[in-house]
Every structure is written in C-alpha cells, then in structure tokens.
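Each of the two complexes below includes chain A, the first together with chain B, the second together with chain C.
Let's look at the complex of A and B:
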C-alpha cells in the first residue's frame, strides 16, 4: 500500500508493522488527507501494534496535524493498540507539535532519533 | 476604494509596524485559476521566505536543541508563513479582486509577519469571535480542547493559529476594517510576532 507524489510518499511495511511518511505534506484542508487517513486506518485495523515513522517527514501543516490527532483519538478509543510515533529531533515541527498528540493518548510512545 | 470605520483591533497590533532594515513583501494577485492549481505556490512561497530569512542567521547551536539557529529560523518561518497564507487564502473573498500580501520584517531578536487579505463580513465576524475566545482563554487548555474537538471531527480550522501560538510561542495582533467598496467586504490584517 503506497501513496506517492512529487512532494511526499506514504507506505506500509508489513514486516515491521510500520507506516512510513516522508517528504512535505501541506494539503488543502483536513478532507484532502482522507486517503492518507484511510491507509492508516486500514493498516491499524489488522494489528495490535503499529509504528508510524515520521523521521523524514520534513513538513506537516496544521491540517495534517489535525489528521494525525484524529487518527490518534480513533486508536485511543479502540483501546487495544500499541501506537508508536518515531520522530526526529532534527525536524522542528516534530519537536514542537508531536508532544501534543501524546497528550491526547498518554500511552502513545514517542521515540526521537 | 474608501476605507470606513469601524476599525477593530485585537491582541498586540503594532500600528505602524516598527521600521526594520530587512523586510520582504510578496503580493499574490487575485486570480481566477482554481485554488487547487495555486495551492502549491503558497507552500513554495513559505519555503522561500524561510530560506531568505534564515540566511541572516549563523549556524550557532541552540540550547537544548539539535537544530541550529539558522535551521530553526528556516523551519519556523516556513511553518508560520505557510499557515498564515493558508488561512488568508481559505477565508479570502476572491470576488473582491484584491490581492493577498505577506510581509516579513526582521529585527535583532524578532520577526514580524504581516498578512493582509479581504473577506466577507460574515467570515470576519466569525473570525473575531474566535479571536475573542482565544484571547480570553487559558491557551494551553484551549488548545488541547480544540485539538480533541478537531480529532472528533467537530473542529474548524482554528488549529493553525493555535499551533503557532502554543507550539511556536508566536504572539498575534489583528485589525479588521470594513470597506465601503466592495460592499460587504472587510480588510483583515494579521500580525504574528516570532521571537528568535
């Protein structure tokens, strides 16, 4: 499962139970993130544990942050998924905004590399 | 075009903006091309502003961060300029045929962003209501409340301003001016102050 454009690439690696998000994401409003949301939801539907690797996601606009928060709340409400966000402490938006998603779901694991 | 009262300001609105040695303005012409075609240009412009202003800073280390000062300025300017432009475009009244503009002013320890767009009175009133709410609330609590609301699918697009305020510690000032012509139009000036 993969979404690829000139600006970003999102794909699922079943072996590591990881969804990778890379590049620049600044889509025009939350509804434009639906296809990405669909990938995340269909992957997490089959798994007890999921890692989202954001280390190479250099830019995410606030609509994208909204989409991630929506995903986090859906996973939180399911109650039986271990969710891990892998971030980079060299990407400013990740150091600024990811911690708020953890506040939505305290069991969310944030790993910075 | 004649500007008439009432003028309403909120937050920290410096009028006029203090003189700065370095500044840059981009004007976006009113355009009939579909928003989808234009959207990518706003992101490119925000990245350009980030690169342009980062060049004034050395690559000095920033305490408690693995990102040096130049890269921090670049990323913060790019994020804030992009969010401000996205908001200006989303709430612009395209039929006014008036341009959206963004200016950045550089000072020793601060960058001021100034964005102007034109909207209709209904959207202007909604925006002012949101501003009054955010200015009277505890920012951190209000932000988490809005994030939860957005996550449940009930949020507006107010999260952009809240991320700039809460995550980047940007301070804001707003000015709303009703115009005589075109009718039902308000000019919106937004100032965002980023300490560097």
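Let's look at the complex of A and C:
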C-alpha cells in the first residue's frame, strides 16, 4: 500500500507494522487528506499495534496535522490499539506538535531520534 | 376502599320511641298529652328526615372518598412512571453531556494543536528561507560573502553613494602565486590558505555597510562605502599586515617565504551616468599594476567621475 507523488511518499510496511511518511505534505484542505486517512484507518483496523514513522516528514500543513489529530481520536476511541509516533528532534514541527497529539490520547507513545 | 355499613333503620331513635309510648299511657287523660304527642311525632318525622339526609350525605362522602382515593392512586402510579422516565432521561442526558464535553475537549485540543502547528510551521519556513538566503549569498569554502552577494551589495552602495554624493572605495586583493602554492602544498592546503586569508580580511572591516567577499578563485574584494581613498589605503594596509602575521609558508613565492597579497584600490564618488562596473574595472587595473610592479604591494587610484576626493 503506497501513495507517492513528487512531494511526498506514504507507505505501509506490514513486517514492521509501520506506516512511513516522507517529504512535504501540503495538501489543500481536509478532503484531500481523506485518502491518507483511509490508508491509516485500513492499516490500524488489522493491527493491535501501529507505528507511524514521521522522521523524514519535513513539512506538514495545518490540514495535515488536523487529519493526524482526527486519526488519533479515532484510534483512542477504539481503545485497543497501541499507537506509536516516531519523530525526529531535528524537525521543528515534530518537537512541538506531536506532544499535543499525546494530550488527545495519553497512551500515545512518542519516540524521538 | 372504604364501605358504609349503616342502614336506614340504624338511624331510627328506638329509645326515644319507647319513651314516647310510655308517656302517652301515663298521661292518657290529659289534653296536653295529645299536643305533646303530636309535637313528638313531628319531631320524630323531622329526625327521620334528618337521619335520611345524614345517610345520604355520609354515603355521598364515603363514595366521594373512594373516588378521590382511586384518583390519588392513579395519579400516584402515573407519578411513579414519570419519575422513572425522568430518571432514565436524566441518565441519557448525563451520558450525552459527558460525550459532548469529551468531544468539546478534543476539539479544543485539536484547535490548539492546529494553531500552534501553524505557528511552528511559519517559524520552520522562515528558518528555511533564511538558511537558503544565507547559502545563496555565502561562499561555501570561506564562509564569507560570495560573488553574488558582492555584486548585489556593490550595486546597492553605488546607488546609495550616488544619492549621498559620498565616496565609494573598492579593494581587490589577490594571493600572490597561489597556483604555485597549490602545486607545492596541494589543493587541501590551498583551501585552508583561502579560509585563513578570508577570515583575517573579514576581520579588517567592521562598519555595518562594509563588505568583504570572495571575488573569485584566490581573489577577494572589500566594498567600503563613505570611505575616502586614504581610509581605504589604511584598511588595505591592515589587511596586508594581518595576512603577513598568519605566516602561511609559501616556498614557491618570488616575493616572500610566506603568503602575501597584491592589492588594488579605486575610490570615486559614483554618479548615475556610470555603473558600478566602472569601479571594478578601476580596482582591477590597480591590482594588475600591483602585480606588474612586483607583487606584495598596494596600488591605488582616485577616479575622476566626480571632483577630486583627496
């Protein structure tokens, strides 16, 4: 399962139960993010634990962080999924915004590398 | 439900009846007796009617009581049902309120996340733009201004000095026999030499609009706005002295055992009929002369676009 454009690449590695996001995500509005949300939801439906690797996601606009927020709320409401976000302490937005997502889902695990 | 067990006969005044009959026998012969009997009969009749009225009133009251009791019972049952329904509605509302409250909390966090994310992305973009601008104007090897930044700054200062009718000086420096230095010590040593020379040259200017740049290869330039030829010569002499103090060995130099500079200086008051390339041309000419005259020296010229500067 993969979404790839000139700006970004998103794919699922079943072996590591990880969804990777790379590049610059600057889609215009929440509707444009629906396909990515669908990928995340379909993956998380099959797994008790999911890692989302954002380390190489350099830019994410406001609609993108909104989509991630909604995804976290849906996973939290399911109640039986271990969710892990991998971030980079060299990417400024990841050091700030991911902590707020943890407020939505206190059991969310943040790993910085 | 209550019952009325009283019969109409219960209300006859038996005792009073018997007493009246005895009274008649005892007073048979007395005329007043008849009157009394008649009065008593009327009294009996009145009492009977009163008795009947009381019976009816009591029956009515009893029946009314039963009816009211039944109604109360019914209302009580309805109230019990309503209380249960209200309790259920209250529980539903409480659950709904909790869900709405949770959703509200979520939305507040999401809104805050989006706002803070927007701010941090602005900062990130801004840092990126600053970094790119810096890279676009900085020489990668020496970390001083590159040729692009030099051209941009020279044009700006040319325009500014034209407006102010102030002198603009340009120093061009060239490391003497740099090709031979590279051949003797290698290109890595050559890069190191360029870095050291660039650092000391950059240290020799301090005013906000002064700029030292790598002009190309082993050539460096210093733009000095609002500076007379004398001032520019003093800066050039400081540059020469600082490079001399580095004492970078140069075995293949014809003029010294260490790295030296040839320097050309031009100074003029710019005018709108000419361009900044004129100042470069003049400085370059002085640099050429410095090399021709044996290197490791400063040659200068005051140009004639405007009245004499010295």
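Heads up, the rule we're going with is that the second predicted complex is superposed on the first by the 113 of 113 C-alpha atoms of A that agree within 3 Å, B and C clash if a C-alpha of one lies under 4 Å from a C-alpha of the other, contacts with A are read in each partner's own complex, and residues count from 1 in each chain.
Operating definition for what follows: contacts are C-beta pairs under 8 Å (C-beta built on N, C-alpha and C of every residue); 3 or more make two chains touch, one makes a residue touch a chain.
Since the structure is predicted, the reported quantities are computational estimates derived from the model, not experimental observations.
S.K.: So if we stack both complexes on chain A, do chain B and chain C clash, or do they fit?
M.R.: In the arrangement built by aligning on chain A, the partners chain C and chain B clash.
S.K.: If you stack the two complexes on chain A, which partner ends up touching A:96: first (chain B), second (chain C), both, or neither?
M.R.: both
S.K.: Between chain B (first) and chain C (second), which does A:73 come into contact with in this model arrangement: first, second, both, or neither?
M.R.: After superposing on A, A:73 lies in contact with both chain B and chain C.
S.K.: Using the touch definition from the top, say if A:82 reaches chain B (first), chain C (second), both or neither.
M.R.: neither
S.K.: Looking at chain A, which partner touches more of its residues: chain C or chain B?
M.R.: Of chain B and chain C, B contacts more residues of chain A.
S.K.: Tell me which partner A:22 touches in the superposition: chain B (first), chain C (second), both or neither.
M.R.: After superposing on A, A:22 lies clear of both chain B and chain C.
S.K.: Where does chain B run into chain C after the fit on chain A, at 75-83, 129-137 or 183-191?
M.R.: Clashes occur only in 75-83.
S.K.: Kindly list the residues of chain A that each of chain B and chain C touches, one partner per complex.
M.R.: In chain A, positions 59, 61-62, 65-66, 69-70, 73, 91-93, 96-97, 100, 103-104 sit in both the chain B and chain C interfaces.
S.K.: Can you list the chain B residues touching chain A in their complex?
M.R.: Going by the criterion above, the answer is residues 35-36, 39, 43, 65-67, 71-72, 75-76, 78-79, 82-83, 86, 90, 143-144, 147-148, 150-153, 155, 157, 159-160, 163, 166-168.
S.K.: What part of chain C is in contact with chain A in the complex they form?
M.R.: Going through chain C, the ones touching chain A are 106, 109-110, 112-114, 116-118, 120-121, 123-125, 127.
S.K.: Flag every residue of chain A that touches chain B in the complex, lowest number first.
M.R.: Against chain B, chain A makes touches at 24, 26, 28-30, 59, 61-63, 65-66, 69-70, 72-73, 89-93, 95-97, 100, 103-104.
S.K.: Considering only the defined contacts, which chain A positions touch chain C in the complex?
M.R.: Touch residues, chain A against chain C: 59-62, 65-66, 69-70, 73, 91-93, 96-97, 100-101, 103-104.
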